[in-house]
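I've put the structures underneath this note.
Shared between the two complexes below is subunit A, which has subunit B as its partner in the first and subunit C in the second.
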Partner chain A sequence: MGLASTLRAYPTLLRIGLAQMIAYRAEFLIWILTTNMPLVMMGLWTGVAADGLVGRFNQRDFIAYYLAVLAIRILTNNWLVWELTMEIRQGALAARLLRPIHPLVAYSAMHLSALPIRALVITPIVGVLIWSSGDLLTAGDPAMLAVFVSSIAGAWLILFLTMLIIGTLALYIDSAMSVFDLWLAIHFVLSGYLVPLELLPSWVEPIAMALPFRYTLAFPVEILIGKMSLEVGLSHLATQWMFVLGLGVSASLLWRAGMRRFVAFGG
Partner chain B sequence: MIEVRALAKSFKVFKRPAGLGPAIRSLFHRKFETVEALRGLSFDIAAGECVGFLGPNGAGKTTALKILSGLLYPTAGTVRVGDFVPQNRETAFLKNITLVMGQKQQLLWDLPPAETFAMNRAIYDLPRREADETEALLVELLDCKELIQKPTRQLSLGERMKCELVAALLHRPKVLFLDEPTIGLDVSMQARMREFVQKYNQTFGATILLTSHYMEDVTALCPRVIVIDKGRLLYDDTLRALTRRLRPERHVAIRLSAPVQSVALPPGASIMRQTQSEFVLSVAIDQINDVVRFALAQLPVADLTIEDPPLEDVMRGLFAEGKTA
Partner chain C sequence: MRRYLALLAIQTRISASLGMQYRFDFLLKGAMSLFWLAVTMMPLWALFAHRPTMPGWTFEEALVVMGFFVLCKAILDGAVTPSLLTVVEGIRDGRFDFTLLKPADAQFLVSTARFEPWRIVDLLGACGIFIYAFAKMGRWPELWTLLLSAGLLAMAVVLLYSLWIMVVSLSFFVVKVDNLGYLMASLFDAARWPVSVFPRALQLVFTFVFPIALMTTYPANLLLGRLDAGTTIVCFLGGAVFATAARMVWLRALRVYTSASS
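== the complex of A and B ==
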């Protein structure tokens, strides 16, 4: 399908995706609300910071950090790996492959269509963030805001492409979900989900910098709460989009090769 | 329109016996076996033909249909559908074909079928007017106007299958691969589906390759059949020629207007079933005229019909022949 036809089809795909999302609204909301670990960590670290600074963080910084983590995590997370693994194992992917639109375009529309509801869910969190830490936020500076918005788009793409790559592994190995579990464990540490990266041992820093995890969460969070200068932010943004490009190429190659192995069992 | 040459497809399948021991052993040592689903299959189908694709379970029919529709890559051999090589999955190819599987669905489960139709209109980039016309025609032919606004999950199997066909045919594909499209449907719904497929074939001049375990589907729709078993071609010709070759007799059913105790049959005829008011005779094909003449002259005939043997019997004969060949 050409680019023009894809663009013409995309609004309908987004509308249908949203309609499906609304059909599952209770399940979807519960799934989103299970993302509560940042609140636990916020309680823990504000307690630790009661006696003074922890690195560069005081109590208000921790509150701002974890509220931003929670909001950005809810906004950018996706469930593609479960969906793709199931569709490959059960052969349901066949129905998508028969349509003259690339399945990855269809998946992207379905996941992007969740954004309005996700945005709705994070509205109160963002409200509390502004109320509690409005003076720390950099969103008033147009340049920082532009970097932040771009970093959110980059984070969404890195997560989407990573889930795509892991899900596509179901074409090669019996259980891609175990790979996902491993990825998730590393992601929790190296993305800044549990602890701000600068509070981790110093030897972790170069590892975190060389891997894409930090660009899914810590980078946009640090931009938002003023823990990163514009200059450093722009440099990180360039690195983030290099990861997007690399993951996009890898996902495409893996998908093409994997299609030769698709057996469409049961479908 | 469809050209298949020396098509082969094999799958590597993990094999282990049931039980805890074999499960633990399989952690360290896995046994795989190669299943050859298709072994050198060749055939051609002309544009506009409606062909039955038959074979016992595991013969390789669905695998062949999946290769023809571009879902699977062949291990060896070549396939062309129109101007396309299916596994390249070009947009123009996908816009020209459809694969309907009776046991699988493309309808969006939680939304009404109308939403799937809207999605397909967008994906196939159909002009609004053409899509409106086609949808209206298909909905009318399948009598499913009342169904398309209800959530798919609330529809019965037969109702879903009707909507499934509308979704699959909205883009007016020129080539239809139908894999058990009437499976699980009641008799009247099966008849309706057959009628619909026939009308679609006539209206749009579509090429149809149909698999079905219901021989009524094949008899009603397919003048020609391709029969495969264990991935190999067993037969490719008209249904009539197959019947003639394997069961060169006809069934003559005679309903009597008055009871008859016994009758001396002419040569070439034998009684298959007899009651006081009805005979069913098996008659050699070259003796049909003599037997009919005899019956009309000697018996109080109320009704007389001449039929081919049931296709199920013919197929059983063919598979038995294939096993001994």
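== the complex of A and C ==
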């Protein structure tokens, strides 16, 4: 099936994805509510910062930071890894391969269509963020806003491609979910989800810079709440999109090699 | 009573051999547990790198709370969640009928259906945390506080189990609740902090509505010798009330069960 017909089918795929999301709305909302750690951490750090600065952060910075973390995490997250490993294990991938559209295109449509609902869910969070710390946000500056929006797109792509790679690993090894568990543990620390990266011990900094984790969360957040200058932001943006490119190439190579090994279970 | 003890022994043996069957997986998960333990500690380290104390707690004292958190979490993930997830699955696909037909109490059967033996690694990790914390403080808890905290910990397990049973009872009405389990687990994560660091309203919620303070902060205070006798007794009473309520909810819910196949 050529590019033209794939493009023609894409809007329909997006609509199907959206309909599925709405059909399981309660389930989806509960999933969203499990992302509550940033609020707990916010309560904790604002308590600690009551008697003065922690690093560069005062109480209001912590509130802005964790609200931004919460909103961006909900917006950019996906569950491709669970879906993919399950479909590979149970053989449902075979049915997808029979369809005249590439499975990866179908997956991407499925998860892109979740974005409007995710955006809807974070609206109140963004509202509180603007109300409580509007003066800290950099979104008024067009250049910063452009960097921020591109960084969100990059973050979404890095997360999607990473989950694709880890999910595809299920074609090679049985314990792909354990790999994901390991990835998630590192992600919690190095993406700035638990604690702002600059508050971690200083030896963590070079490690965090060399790995893709921080570009999925800490980078957009720091840009948004004015903790990063435009020049640094631009160089980070370049690095982020290098990671997107690298992960994209690896994912497609891994997928193609995996397809040659794939034997549907029970088929 | 003897019969139920024998049943418990059998169920445990089955779980243990099931768990040991995949030896590599067992090791891998054990190692992962230790790694997660380090991740759990990360915010605590970061916090105390910037401040010598947090409101009312030194680093070593906060470590004791963390120790109780790791213990409770290991028990929750290793003994409570897996069993009760099997019930939810059974209710959805109708296999729960077989459990009901067995000549033993259904709640007992479903609650002991599955254990995950590799969580023992976490129990050892928790003991390590306790020993480290008290060695750094340079004093050791007295024997009677140790015994009392063990009692309070048992009460914490009862509380956790009761909360879970109530969530599972919900699945008789709304079927799909494994999600709710994840939600509960994520809320339970807040138990790693002494409850006094949270804003006042949250403290009340964490003590009376979703009583995670009773599971970690109170036992830690007891072990540190800071909990008075009256509060201790109230804790035990509260746990007993919760457990009774859970049993009643379960029996109520069982009455509305209609098999998935009929």
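As a convention for this text, the second predicted complex is superposed on the first by the 266 of 267 C-alpha atoms of A that agree within 3 Å, B and C clash if a C-alpha of one lies under 4 Å from a C-alpha of the other, contacts with A are read in each partner's own complex, and residues count from 1 in each chain.
What we mean here is this: a residue touches a chain if its C-beta (ideal position, glycine included) is under 8 Å from a C-beta of that chain, and two chains touch if they have at least 3 such contacts.
Remember, predicted model here, so these are calculated numbers, not experimental data.
Engineer: Check the residue A:E27 against both partner chains and state whether it touches subunit B (first), subunit C (second), both, or neither.
Structural biologist: Second partner only.
Engineer: Considering only touches as defined above, state whether A:V189 meets subunit B (first), subunit C (second), both or neither.
Structural biologist: second
Engineer: Looking at A:D181 after the superposition, I want to know if it touches subunit B, subunit C, both of them or none. Which is it: first, second, both, neither?
Structural biologist: Only subunit C is touched by A:D181; subunit B is not.
Engineer: Regarding the shared-chain residue A:G55, is it in contact with subunit B (first), subunit C (second), both, or neither?
Structural biologist: second
Engineer: With the two complexes superposed on chain A, say which partner A:M37 touches: subunit B (first), subunit C (second), both, or neither.
Structural biologist: A:M37 sits against subunit C, while subunit B stays out of touch.
Engineer: Per the contact definition in the header, classify A:G47: touching subunit B only (first), subunit C only (second), both, or neither.
Structural biologist: Touch partner of A:G47: subunit C, not subunit B.
Engineer: For A:L200, using the defined touch cut-off, is the partner it touches subunit B, subunit C, both, or neither? Pick first, second, both or neither.
Structural biologist: After superposing on A, A:L200 lies in contact with subunit C but is clear of subunit B.
Engineer: Which parts of subunit A are touched by subunit B and by subunit C alike?
Structural biologist: No residue sits in both footprints.
Engineer: Tell me, which parts of subunit B touch subunit A in their complex?
Structural biologist: It comes out as residues 11, 66, 69-73, 89, 91, 94-95, 97-99, 101, 104-106, 108, 110-111, 115, 118-125, 151.
Engineer: Report the residues of subunit A in contact with subunit C in the complex, numbered from low to high.
Structural biologist: 27, 30-31, 33-37, 40-41, 43-45, 47-48, 54-55, 175, 178, 181-182, 185, 188-189, 194-195, 199-201
Engineer: Going by the contact rule at the top, pick out the subunit C residues touching subunit A in the complex.
Structural biologist: Those residues of subunit C that touch subunit A are 25, 28-29, 32, 35-36, 39, 42-43, 45-47, 49-51, 54-55, 176, 179-180, 182-183, 185-187, 189-190, 193, 197-199, 202.
Engineer: Can you check the complex and tell me which residues of subunit A touch subunit B?
Structural biologist: 1-2, 5, 8-9, 11-13, 16, 19-20, 23-24, 91-92, 94-95, 97-101, 106, 259-260, 262-264, 266-267
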